[in-house]
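Structures are listed in the sections that come next.
You will see subunit A twice below: alongside subunit B first, and alongside subunit C after that.
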Partner chain A sequence: MTDAVAIPMEEKKKDAVKISQSYWSLVWWKFKRNRLAVVAAFILAGYYITCLIFPEFFAPYSKGLESDYIEARPTYPHFVDAAGSFSLRPFVYGLDEEIDVATRSRKFVVNESVKYPLYFFVEGEPYKLLGLIPAKTHFFGTDPANPDAKVFLLGTDRLGRDQFSRILFGGRISLFIGLFSVAVFLFVGVTLGAASGYYGGATDIVVMRITELLSAFPQEPLFLALGAAVPVSWPSTRVFFMVTILLALIQWGGLARQVRGLVLSGREEQYVLAARSFGASDRRIIFNHLIPATMSHVIVIATLKIPGMILLETALSFLGLGLVPPTVSWGTLLQNANTVRSISAAPWYLFVTPFILFAILAYNLLGDGLRDAMDPYSK
Partner chain B sequence: MKKLTLIAFMLLLGLFLVACGADAPAAEAPAAEEPAAEAPAAEEPAAEEPAAEEPAAEEPAAEEGGGIEQAQEEAVVEDTATVETSEYGEAPMLAEMVAAGSLPAVADRLPAKEDIQVVTPVDGVGEYGGTWHNASWWQGMGNIEMIVYDPPVRWKPDYTGYEPGLVKSWEISEDGTQLTWHFRQGVKWSDGVDFIPAEDMAYWWELATNEDFAIVTPPWWGRDSDGTLMEVSFPDDYTMVFTWGEPHFIANFVVAQGFWEWLPMERPKHYLSQFDPNYDSSKTYQDLEAAVYGGDWLMNVAGYPCLHAWCPETVVPGERTVLARNPYYWKVDTDGNQLPYIDYIDTVLLEDNEVRLLEVSQGKYEASFRGTDDPTNIPFLLEQAEANDYHLHAGAVNGAGSWPAWNINMNFNDCETYPDTCEEIRALLQNQDFRIGLALSLNRERLIDVAWGGIGYPTSMTISPQAWHFASAEGQAVYEAWRDSYVEYSPEKAMEHFDAAGFVDADGDGFRDLPSGAPFTLVMDQGDWGGQVIPVLSNETYSSDLQAVGVNTLINDLMGQPDWTLRWKEGKTMIRNSHASELDIWTYPDWVFPLRNEAARAWPLEGLYYETGGADGWEPQPGTTYAYELQQLYAKGIAEPDIEQRHKIFYEAVQIMIDHGPFMIGGSGDQAMPVVVRNGFHGIPELVILGPWAPGSPGNLHSEQFWMEANLRGE
Partner chain C sequence: MSEITDDVLVSIRNLRIRFDVRDGIVNAVDGANFTIRRGKTLGVIGESGCGKSMTAKAIMNMVPKPGVMTGEVTLYKRHVENGSQVVEEIRIDQLDKDGEEIRNIRGGVITMIFQEPMSSLTPVFTAGLHIMEAVKLHRFLPIESIGDTMTRNIQKKREVSPEEAREIAIDMLQKVGLPNAAQRVDSYPHQLSGGQRQRVMIAIALSTHPELLIADEPTTALDVSIEAQILDLMRELQETVDMAILFITHNMGVIAEMADEMVVMYMGKEVEEGSVVDIFENPKHPYTRLLLASIPEIGEKKRELATIKGMTPSPFNLPTGCVFHPRCPDFMPGKCDVVKPLLATVAKNQNARCLMYDPCWPNTAEAQAVKAKA
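And now, the complex of A and B:
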């Protein structure tokens, strides 16, 4: 029986290392093993770099540049031209406008005799990187010396503006709204939830009744009502922040209840009792002990909430009750596709959807990965 | 409590918006319509109307087979057309009822032979039967009211003037103070009761002058300039005489405008007196109010006896209205067949533009005149035409003088927002150089590209090119001169004109400032006049054109908001978008002659002065805003009995618009309109003008002679 106890020192050390792994490094270790979640994280990083931080650089044109190409079809990059010859440098064909007065139709047709090569890091419209650094280099574009050369990867809208560029700029608003409103959502939800759970009594009753009231309303109509109350005369930036805050204020109830539940059980834990018997203040107990204990839960909820916020903003702006033009967001861009005419004449308005779709999908996968990772002891 | 109501309302609104998808502010405003307020509501002061008057020149006697005997200058106009046969045809559905004994024979239902109106069918004598399906976007169903347009004096089908309808003839006295209507004798209400003008029209006048009952009021053309009401008398059962203290040459033609002038006058005494407390003391005025219209013209009252080709039979508020043929209708075709050809008009309410467009594109409506009224939908509709067995009517146009257009406020008066600079802004807006600068900075080619898919022609603001004033060679020249004034696109010249107006960039911020150096932003009010898409696109392009010549602009989006009208009425607007179309300037003068407050296109406060007889508003001064000169010309026009002379007075007014304008800025000219017609639907003449509602299209085309082939009748 005794020989079984003889464990070599080496292994004991190994175990010790294993045991001394912090919670967060376990989470990281488990997260890395979820390939999908890692890919999703990279996709999101890509989104945030191209759309949120540097859209001026990645977009070939500014969001407001009005060209003569009105509702022009997309010009896709080619490597092989009509004659079959290959060039390493991609190029786009020129577009010719054709108006048929009898049928009232206007079309832009591809003119295969005109080729505009695409270049990387071309000089174009000047802009301010991050709103500070003046620059005019764009990630890609056509020859700036040739004013006829244009590239519209995803077509143009009714004012002749490049849709690809606008989708990038729209992503800035939509992605930011996701982050910002979730931050407000976390702040309100966690604070009220923790207060409610910790103090109980009247505080608990009041907070919980409010959350119940909020959850009793169907969300979209409630938002529509609040959105309609935003004065039309407000400037677009103020409307933007109002919309963001409204998004958060409608949704915090669910989070508050979960945090309350966690705090409710947490406050009876030995370490809280210990802290209390040492004379720690309520604030210290809540912020140093109870809330950190709920963090793993909260982070997962937040990650899964961001795509919901993005979608809600998109849906409301599409309906004309969230953001309104000239603010460019994915929702306002989708508004272009809300008439029969535009779907029939310019189906490329729908190109906004894959951008939204992949952002949402990536967030959901990331959230799933985080949820698994946050519970590193599960099998 | 109020807040709760507000929230409840918003929730409902929200649900509604979710349900119907797209943006739906003011579901009513159809793209090519005049704003509702313009037509029926506006009360005109008085002193108006010239008319067809030439010293009692008698009609050249009736010719065989007739037609409408009329020369424009003549004071007496009579419909003398008669039909050869005395064997009248009737619809199979009525023949069955006659056979069953529930309806008198057709000859007994029609008026006396010489009083029957004979309509020449456009596509030959038609076939009876069928249901004409339609959609409307509002409970008032104005687009359907237009189908049953049937006033005593009516627009000719070719839009060249007026002809007798329910009246067989009219006479205007030499001095223009008396109008006599000779109604057709033997006409019956749709329930078979005789229409006796001395009873029924007298009952209308009784209601109109009953001050306890404000739902029916005297018409705006019924008053003299001092507010005195006209007198109405009935020398015999079928003759009605209007008498004023001043010449009212135009009153006769005002009644021909749209459905809103005549419908309020169509009052069956035998029916309404059942609800009238003056006839039945158990009733109240609320009962009468419910009976007269149910709140929205006549379409909402099932069983309301009418004189139209189709009368309301089934009304499901908010859903559907079915009009059934009037068995007592008083018109026949050239073969003596009683009209209308079509049995029923079945209209559903579809508020959402896109849903209606889809339904139209699937050929669900045998003929859709205003089911969708956005010309940019034409390519889509053409794509679907073959599959759904319809075509687009080739000759359908909007009749727009300019669409979009912009109205400049010559009476700027917003001293609340601009306490220090309001007078300077007013002076700037009144400065001709400034206005020319505005006109020359608009890139109309780009506007046409953006708004109209590249199809259209640049124009300044005019009334409809098809207006009868422009029919002559001289009129055409006047129209062209007007159309081409200040229509050039020249940023350089625009900037010169701005400089000449003292409108320069004083502080070097890139935007022009008021002559005193105070910064200036041109506020462009944006409303749904001209549709919900075109104003947005055109304001956006115009705004960037203006910025390019150094005018700082702000688009003030007031779509569907009361401020849109309010700001204009109070003179707070600087410029706003509009849609210019009018076929007869004298029956709707405000495009050129500022006579009213809201309706005036550039002089709201000087119009208010005229409207209120000087009680309110600004008194026009000669040589300033030209409102004075135009009002003088209007007075001259209405005292002129000869139509041709009256056209010439209008030309003088146009010359003022050219010499001292622009008071309104034009964009793009007329557009084709999508009229979707199923193959097998007949009777629509070539030219159809749908923009201005005043001519009552398609009712003025004699919609009662539209007919459908068997495939559309479901046989």
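And now, the complex of A and C:
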């Protein structure tokens, strides 16, 4: 008898849960169904964990460690050696320096007689995790007891620094720029857009004319001019923040216009009148009642804007107008590949591009997924 | 009704609201005078566009731009000081529109519920959050008396904590008869039906213990059965919390059910005022009479519904004299289209704005005949 009663009760409970589905849980449901977007989200999570938070741990070397291997070719991990014997532990071959007599250039060739096994969680250069916790363990590396053993997954650069490690460290700056400049972008765009839409009149005119002015400028020359205006003598952190803020300040116009439009229609709604009739101040109405209603829109714009910011930073730095060495970012790493000579002699400089590519793709897919999930009118 | 007595809560004197728009000047409210008494319900009735809602907004000093408000709106705020009641006079029309003081009155002393419950709730807030916001802004709990100064008994007050606000929210939702209040408190507006939303609106409005509730056609968007429930609910709640209601509607039936006193408005002016019983039994102004006559009676098969002929005049081009004269069955040529009538006492506690009752009216046989007809 108890069973017979229990089942309908269970069902009833389920119904109750169904009724109180909030908007965000509906968004989550829809988002989960979009496989591509979920994969993209995982890729991005991977990026942020390896590059932004723990690059010291995941990179075998620090970003500034100069080895004797100048522009050495990548040493790929192997499981099967030249003799055909299989080992479960991956290893890399050693590199021998060779002078090409004809071109009088130095070259590194794989020496298949020397094998350096790779280990996980090896002791290496000391570093501070998150800038706080002193640690020595690296995710992978060669035997710390053997100083000759080196692993350069993606080759080295002109100063003998490990390219793979530098890409991870460069990702920290580039990914952070994406987030930080979008945060500034959101703050400026949403605040000014909302103020413009809510107050109208003179505020609206001033804000909108500024956005028009900004959008009327050809973007690239403007970036070049502003990038060139950043003094060379500045320390790299200040340049970094300057570049981030620049990226945001030039781009907020589009967002401000969209938020203005949404707020403009929102402020005529009766709930705004109702909120006012309950004594809510303008600030409360804007920030608590109007801006949250624009959030689904804004989040999507932001997600789609982050890759744009990353690309812009990369492009600017590649041209030498954004970040400059010794700051390591994907843009400054790409600077190495700005001549035909370096590409023909050390094509591994181009290994930065797939990293950028996948980050950008993942963001775009995530943004698309979010847009589909958040649009209440989509199926 | 003009004398200020102890039970007056809000008095409106000579209120005019003018809109300067491209096509000319619109007087949305054109010299309204009435009084809202404590604990009583005042019904305001009139056709669309006669200035009912604008008057309500004027009471909260919320006349939208580019409207200009003149006249006096006085709030007699009562609070207990040192054991005795003190009435503080606040000229609402003179307060800064976005100032601290008016914001404390809005929601704290005067609250409002709107015509369309569908759009009056912020879609991103749950029902509970709405109430909690109002409570957090306007309700303070006394902690202890911390002493007396000259005349004031000073009570330390504190804001309501979030947990208490939530409890109040659930309690209010229960009071307005929302089933499953503890669950419904987390429902978003789109998960509630129209009647439920209006209940939530009422819950918000009452959660701060206001002295005046302005109900701007609260049941117009609801179907009749829900309307009856909501009206019952408002009456019940009014009995328990001693608050005045300004009830705006265009439904005579609702006024009869809800109000103690009523004001009939036409083109921004009140044309008749008095107690509901008096006006329903003995309407004096021709407009009121026509309004009452146009209510269809149940169980009576009529050839045609009674209507008031003509349309409300364009606000840009008002008729001369009495604004109602082109539609008036008792139109007296040469008089009504020339002289603007004043509000005149026609019976005990009943005033009407019509030349028929104007004391200055020449005592001619013609006038007598018209009066006799009335």
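Brief remarks follow.
As a working rule, the second predicted complex is superposed on the first by the 357 of 379 C-alpha atoms of A that agree within 3 Å, B and C clash if a C-alpha of one lies under 4 Å from a C-alpha of the other, contacts with A are read in each partner's own complex, and residues count from 1 in each chain.
The definition used in the following text is that contacts are C-beta pairs under 8 Å (C-beta built on N, C-alpha and C of every residue); 3 or more make two chains touch, one makes a residue touch a chain.
Since this is a predicted model, take the numbers as computed values, not measurements.
Superposition model on subunit A: subunit B and subunit C are shown accommodated side by side without a clash. In the superposition on chain A, A:L222 makes contact with subunit B only, not with subunit C.
Judged by the touch definition given at the top, the superposed model places A:A274 against subunit C, while subunit B stays out of reach. When both complexes are overlaid on chain A, the residue A:I70 reaches subunit B alone and has no touch with subunit C. More residues of subunit A are in touch with B than with the other of subunit B and subunit C. Taking Cα centres throughout, subunit A sits at the apex of an angle toward subunit B and subunit C that amounts to 130 degrees, reported as a multiple of 10. Shared-chain residue A:S85: touches no atom of subunit B or subunit C.
Once the two complexes are laid over each other on the shared chain, residue contacts for A:R104 go to subunit B alone; subunit C is not touched.
Once the two complexes are laid over each other on the shared chain, residue contacts for A:H289 go to subunit C alone; subunit B is not touched.
By the document's definition of touching, neither partner reaches A:T237: not subunit B, not subunit C. Least inter-chain distance for subunit B and subunit C in the combined superposition, rounded to the nearest angstrom, is 41, based on C-alpha atoms. Residues of subunit C touching subunit A in their complex: 60, 62, 98, 102-108, 111-112, 114-116, 119-125, 133-134, 137-138, 183, 186-188, 191, 201, 204-205, 208. On the subunit A side of its complex with subunit C, the touching residues are 16, 19-20, 22-23, 269-271, 273-282, 288-289, 292-293, 295. Listing the residues of subunit A that touch subunit B in their complex gives 66, 68, 70, 97, 99, 101, 103-106, 158-160, 220-225, 228-229, 232, 319-321, 324, 335, 338-341, 344-345.
For subunit B in complex with subunit A, the residues that touch the partner chain are 7, 10-11, 13-15, 17-18, 21-23, 353-354, 357-358, 361, 374-380, 382-383, 446, 449-450, 453-455, 533, 537, 540-541, 544, 557, 561, 672.
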